[in-house]
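As written, the chain order gives the labels A, B, C, D, E and F, with residue 1 at the start of each chain.
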Amino acid sequence: MNFVDLLFLGFATLALGGGILMIFSRHPVSAALFMIISMVSVAGLFVLLEAFFLAILQVLVYAGAVMVLFLFIIMLLDVGPEGAKSSRLKLVSGFAGVACFSILIVLSLLLVFDSSPISQASTLWPALDQNSLVNGENLVFSTRVKSFGFGLFTKYMLPIQVAGFLLLAAMVGVIILSKKVIREEKV
Amino acid sequence: MIDQDFIDELLVKHEYLSLVSHEDCLTLSCNRDHWLNFASYLSLEETFDLLVDLTAIDHGEDAEVRFSVVCHYYSRVHHDYIRVHVECASNENPEILSISSVYPSADWHERETFDMFGIRFTNHPNMKRILMWDEYPYFPLRKEFPLAGIDTPLPAPDVVEVTDASVEPAPMMGGPFVSSGSGPMSDSEPRAKDESWTEKSEKPV
Amino acid sequence: MIEFMQSLEIWQILAIKIVFALMMIGAVMTMAGYSVLAERKVSALMQGRLGPNRTVLPIIGSVPIIGPFLQGLGIFQPLADGLKFLFKEEIVPGHVNKIYYYLAPIIALVPALTTMTVLPFGEFFTGAGETIPLMLADLDVGILFILAVSSLGVYGIVLAGWSSNSKYPFLGGIRSSAQMISYELAMGLSLLPIFLWVSKPGVEVSALSLVEIVNSQHQANWLLLVQPVSALIFLIALFAETNRLPFDMPESETDLVGGFHTEYGSFKFGIFFVAEYAHIVIGSAIFTIIFLGGWHFLPWMSDPWPANWVGTILGVGWFLTKTVGLIFFFIWIRWTLPRFRYDQVMDLGWTKLLPLALANLLFYIVLVTWLDQSAL
Amino acid sequence: MIANEVAYNGKVEGDVIVTKADAVINWIRKHSVWPMPMGLACCAIELMASAASRYDISRFGMEVMRFSPRQSDCMIVAGTVTYKMAEVVRRIYDQMGDPKWVVAMGACASTGGMYRSYAVMQGVDNIVPVDVYVSGCPPRPEALLDAMMKLQDKIGKESSVKALTKSASAVSS
Amino acid sequence: MSPTTTKEISIGDVAAREAAGINQMDGEDRMALNVGPSHPTTHGVLRLILELNGDLIEKCEPVLGYLHRGDEKIAENMTYNQFVPYTDRLDYLSPLANNVAYAISVEKLTGLELPERCQAIRVLVCELARISSHLLGMGVFGMDAGAWTPFMYTFTEREKLYTLFEELTGARFTTSYTRIGGVARDIPEGWLDRVSKFCDELPFATDEVEKLLTRNRIFLDRTEGIGQITKEDALAYGLTGPNLRASGIDLDLRKDKPYSGYEKYDFDVPIGTRGDCYDRYLVRIEEVRQSIRIIKQVIADFPSGAWYAEDAKKIFAPPKEKILSSMEELIQNFMIVTEGPQIPSGEVYFEAENPKGALGFYIVSKGGGVPYRMKIRAPSFCNLSILEKLVPGHQLSDITVILGSLDFVMGECDR
Amino acid sequence: MESITPQHFLILAFLLFGVGFLGVVIRRNLLLVLMSLELMLNGVNVALVTFSRTGQNLDGSLFVFFIMTVAAAEVAVGLALLVALYKKRRSIFSEDAGLLQN
């Protein structure tokens, strides 16, 4: 067991543990904090996969912006812990949840022991070719930011435009939504 | 300055008024049933739009009418004040109409007067103590109330529990020395006026 | 040097890095502690006062000339203040949310110290004519790393405000989270033109690397001169991110008493206190690196110091000088300007700085494209 | 002075024996007294004056006036403590962390001063333990500075280690 | 090393009891916030219970009385002269002006005419007190807006004033300078020169403060349009002084009902237009300039003669050297000290234009040396009564600015 | 124990997705439902990056980039909706969001 393995185990435990604690924590603020832990650990996993740029984006976007937004809303609405108020849905959803979860575990166990194509095809951690951006038709994985830019502005030009429009639409939508609330309040 | 014509006109118009004096400013005595009317008259039809002061006088426990409310209005046109005295209805539970609907500034003055004298202003929007704490049982500016104060518990029970403090009469020894100014020489010796605690009488226990 | 490093085991490299990291933490914390003193001394200077000058260690104080001189400078004041926190009773109010209450100061301090791992503060000249930047980790996305990690700092404040379970801290926490989200945007946008400007076609090294940004200013324009608008926006955003007056919403003393740290006393408050100044120190260092040419001497001039260890020391010293100058600027502003109101801060961020940053970005996109086209 | 009194006399220095550890802690504490300004009345203006340019309390490192009681070490009660205010003063005192000191600034805070009346608490020492009393109505800023120096002297003579361990054991028990 | 203890008391708890009551009355997403009585923005011991909706204040309930010391009751229990020191502590930013207002109101009751020199001294000290009070008002206002340095600058000027006061009265702060029928002592030699030197230097200091604040964009943003008081409201709530004049009402008792010889001096009364915090600040700065103008006129034409009413044998204690040499004066002094100045019965109301507004004394005398009833009409008390109406609709941070601009002193508000 | 392999990453990705899914199903607090959704997306991201790394192909990583963009937009809109809902219903629980109930 080497250093990277240890790191993987640590990050994986944190990511998964954070996620599990998140969905089971009673108070939204603790949930948000566990979520942050989980997300930062995922960023750590990205680092192990040598996707540095994505790791930083993960922290910047998820931990730095999305979760702050969540916390802000939690505080704004002053949401307390969920009360003991039981709902009919809870039992059903509990069953469904447990079922789904067990299916997933079985699936992943299968993956471990089964010699599926994925596990065979890859030579475990292929060496990186840092010098070329493209290899034939394909974009080559690289740790450099430059290759990201290259990929985004060549092959994925259309998606990035669409994403831009999506963000714009979201922004307009949010503004309209929050405006409407204020007007209703005044009436 | 307020001239004689103005006073005459005022007295003719309002028969419930009577002239008391006109030394430093025009002093009128007003019937308590009409004093709200008079206040709104001064505000709306005359130019006395600034209520500068409202307070009360305690004429002493033996007085026929114990409490009277005194009010000062200022006119920016006449550059002068009008003082209005109103006598309160009852000596035990003095009451009078509030003029805070006409002069919003009267609001706090009336609360203070209530706080200090116990004169209740009816129709006041928020008639409660303003300077002393809400549970304080006495009205300090009444004549029978000693300057030194009367033993009462402190408003905060938890603090009392720790510190064992309470509202105690203030020691008057060495306090303001005042002579009565009349009577035999031995009595007119200056002495601490409030005698809750002097050399002669011990601090009340 | 490189061979030496490569010959080491991973744990040995780790150990060396940890030692360096501790040294840097020490340096930053000391600077933070003494910027508190600087704040007190500079404010005293501006207000015609003297500032702390009575505290002195018994033995040093009796040294003839140096003792009184150091005493007059108030050198020992931070020592007393910092240590006092250790010996003060730790009050934990009964109504707080304990875990987060303890966690918050640490979360506030850690990001500030983490960002310094990618901060270059000088360069080391090897005998072979190579120059190695002095930093803990040369990340090619250094600036993004700094943005990412410093954006985590807000959690400390938000958590402190929330866990105190008291109204003033809560308001402080809410204000700060909104403020920091708003200004991060403008800060990021103000940096984009820098990358555009620094990265040249065909160059392999990413322009997101801080070392690259510093070196691009060697014997050339400082970026402050090339992109004054970016520098201005970045500086304003920096003020907002470090919660300094005129943007000290989270702790505005006159209306929120102490803001998010109202319920904090003794050591935990001390950590907040130091964290605030650590943010300032790091922020000043970043501004120096990006806009003021880092450790390089003056714009359009080559460094006057020799390419050996003397040069290294002089370079680091020059870098520190610039940083300290910026810290002074921070203090200067604080004691000169009144404070914004909360909604005015948001207004400034969203309706003034953000459009300005966008316009600035567009302008430089056009400019850089035009320059590149005409160069080809 | 008679010759045989030249020898060391503990009484002269206040009859306290301060250990090394105490000395260190006391040095730290006395040079970092952060006041909590309880500016109640007239004295508050003189308190401001002592923080302003001419008198400059910052020379002693005391200009860090924290309005949050949790961050301050010394409460300067500046002004008349009325019964209505007394409760607040006490509560704020309670919120300060140990070690804490109280300076009663001015005649009113010390004894009720010239306000011998029904509304005024006759001395803040009725509700909080006072370390230094400052006379004057209001005291001049010099007097306040002198009081703060007296307080520093007093802190210098405390047996801090004992107090620390004692309060620690009190908590654990 | 440091023991950890848990304490259950919080700042919020002080308000909790009363705040909880308000909270129940209105909607559920309101937050009750207690500001004061020990809070940096309240300049003393005012307490506000606010009801917040987000950052917006919906309701504001001021709670007073944390500095109620029973001045009126005390006045009923002592002679007129004994009460002079208590007037110092009403508006403790301008004790000299309070002394003068009090002395004049008692003198009005006796119908005493003061010699010109005495009146000139009183005008002089009143205006010095006004400068001192407004300087602090400006500085603290800046401090409320977040700028600390102007406060230090204005306080430096105040210290110069303190030196002058000390030379004149013997005390730097609580001066107790006037007596019924005169002043405690004549002005010292060369003092007038030092006052005029101070007046020459002061504009530089105020200019410096103005440089930091008046045209500062942030300061303007913070104060312009904030805390606007209309003319009607200002009158209805009985505002006086700079606060009233900032709302555009030309009411200055020095002009309208001149006392102590103010009619002899030429000065302007600055008037605001919008009645917001910024106007109140500007009015104060301008009033400082006008005060300097008055002081220069007083000094230029300083009357000679007696500095106390020599004919008021039963009111003003004779000079010390006469007491020691003459039997008649000794008895006179003894009577005044023990029984107080003999004031005829009657009632009087007098208001003086103090820095904070019109400070009024309503005195009911039944003869003798002790007032039967004395009511102090405190300008701060009236000025603060508008808070309930003024504050709602503003943001939490505006409170500091509004309170700072109203420039109140709790000492006279609570008495 | 042998060294970690891409499979480990994939299993982790599956588990993260599963936990997220579980959260979506069992939690009633819509804020937490949103967070769980984010967790699911994170699981997908891990898987994509792993594929990208092992397959020496950048497409997967670029896809993650887009997912993050969409997630940010989704959270913004979702939270805005939530605030709107809260203002109307004074609750952020899923069972209170139904229009036809009660």
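Throughout what follows, a contact is a pair of C-beta atoms (placed from the backbone, for glycine too) under 8 Å apart; a residue touches a chain by one contact, two chains touch by 3 or more.
What you see is a predicted model; the values in this text were computed from it and never measured.
Among the remaining chains, none touches chain E as well as chain F.
Per-pair tallies of C-beta contacts place A-F first. Of all chains, B has its CA centroid at the greatest distance from the CA centroid of chain A. Mean C-alpha position of chain B lies 22 Å from that of chain E.
Chain geometry summary: the mean Cα position of chain A and that of chain E are 63 Å apart.
Between chain A and chain F the centroid-to-centroid distance comes to 6 Å (mean Cα coordinates, whole Å). Averaging Cα coordinates per chain places chain B and chain F 71 Å apart.
Among all residues of chain D, those that touch two or more other chains are 52-53, 67, 84, 87, 91, 94-95, 115-120, 164, 167. Multi-chain contact residues of chain B (touching two or more other chains) are listed as 131-133, 140, 145, 147, 176, 194.
In chain E, the residues that touch at least two other chains are 1-5, 7, 9-11, 39-40, 65, 68, 70, 73-74, 152, 156. In summary, the structure contains touching chain pairs A-C, A-F, B-D, B-E, C-D, C-E, D-E.
By the touch criterion stated above, chain B contacts chain D in their complex at residues 131-133, 138, 140, 145-150, 154-156, 159, 162-163, 165, 167-172, 175-176, 194.
Chain F contributes residues 1, 3-12, 14-23, 25-29, 31-32, 34-36, 38-39, 42, 45-46, 49-50, 52-59, 61-62, 64-66, 68-77, 79-84, 86-88, 92-95 to its touches with chain A in the complex. Those residues of chain D that touch chain E in the complex are listed here as 38-42, 44-46, 48-49, 52-54, 67, 69, 79-80, 82, 84-85, 87-89, 91-92, 94-95, 114-120, 137-138, 140, 164, 167-168, 170-171. Those residues of chain E lying in contact with chain B across their complex are 64-65, 68, 70, 72-74, 76-79, 82, 108-109, 235-238, 240, 249, 251, 256-257, 337-340, 346-351, 358, 360, 362, 364, 368-370, 372-373, 375, 377, 381-382, 384-385, 389, 414-415. Contact residues on chain D toward chain C in their complex (touch as defined above): 25, 27-29, 31-32, 52-53, 56, 58-61, 63-64, 66-68, 70-71, 73, 95, 97-99, 160, 164, 167.
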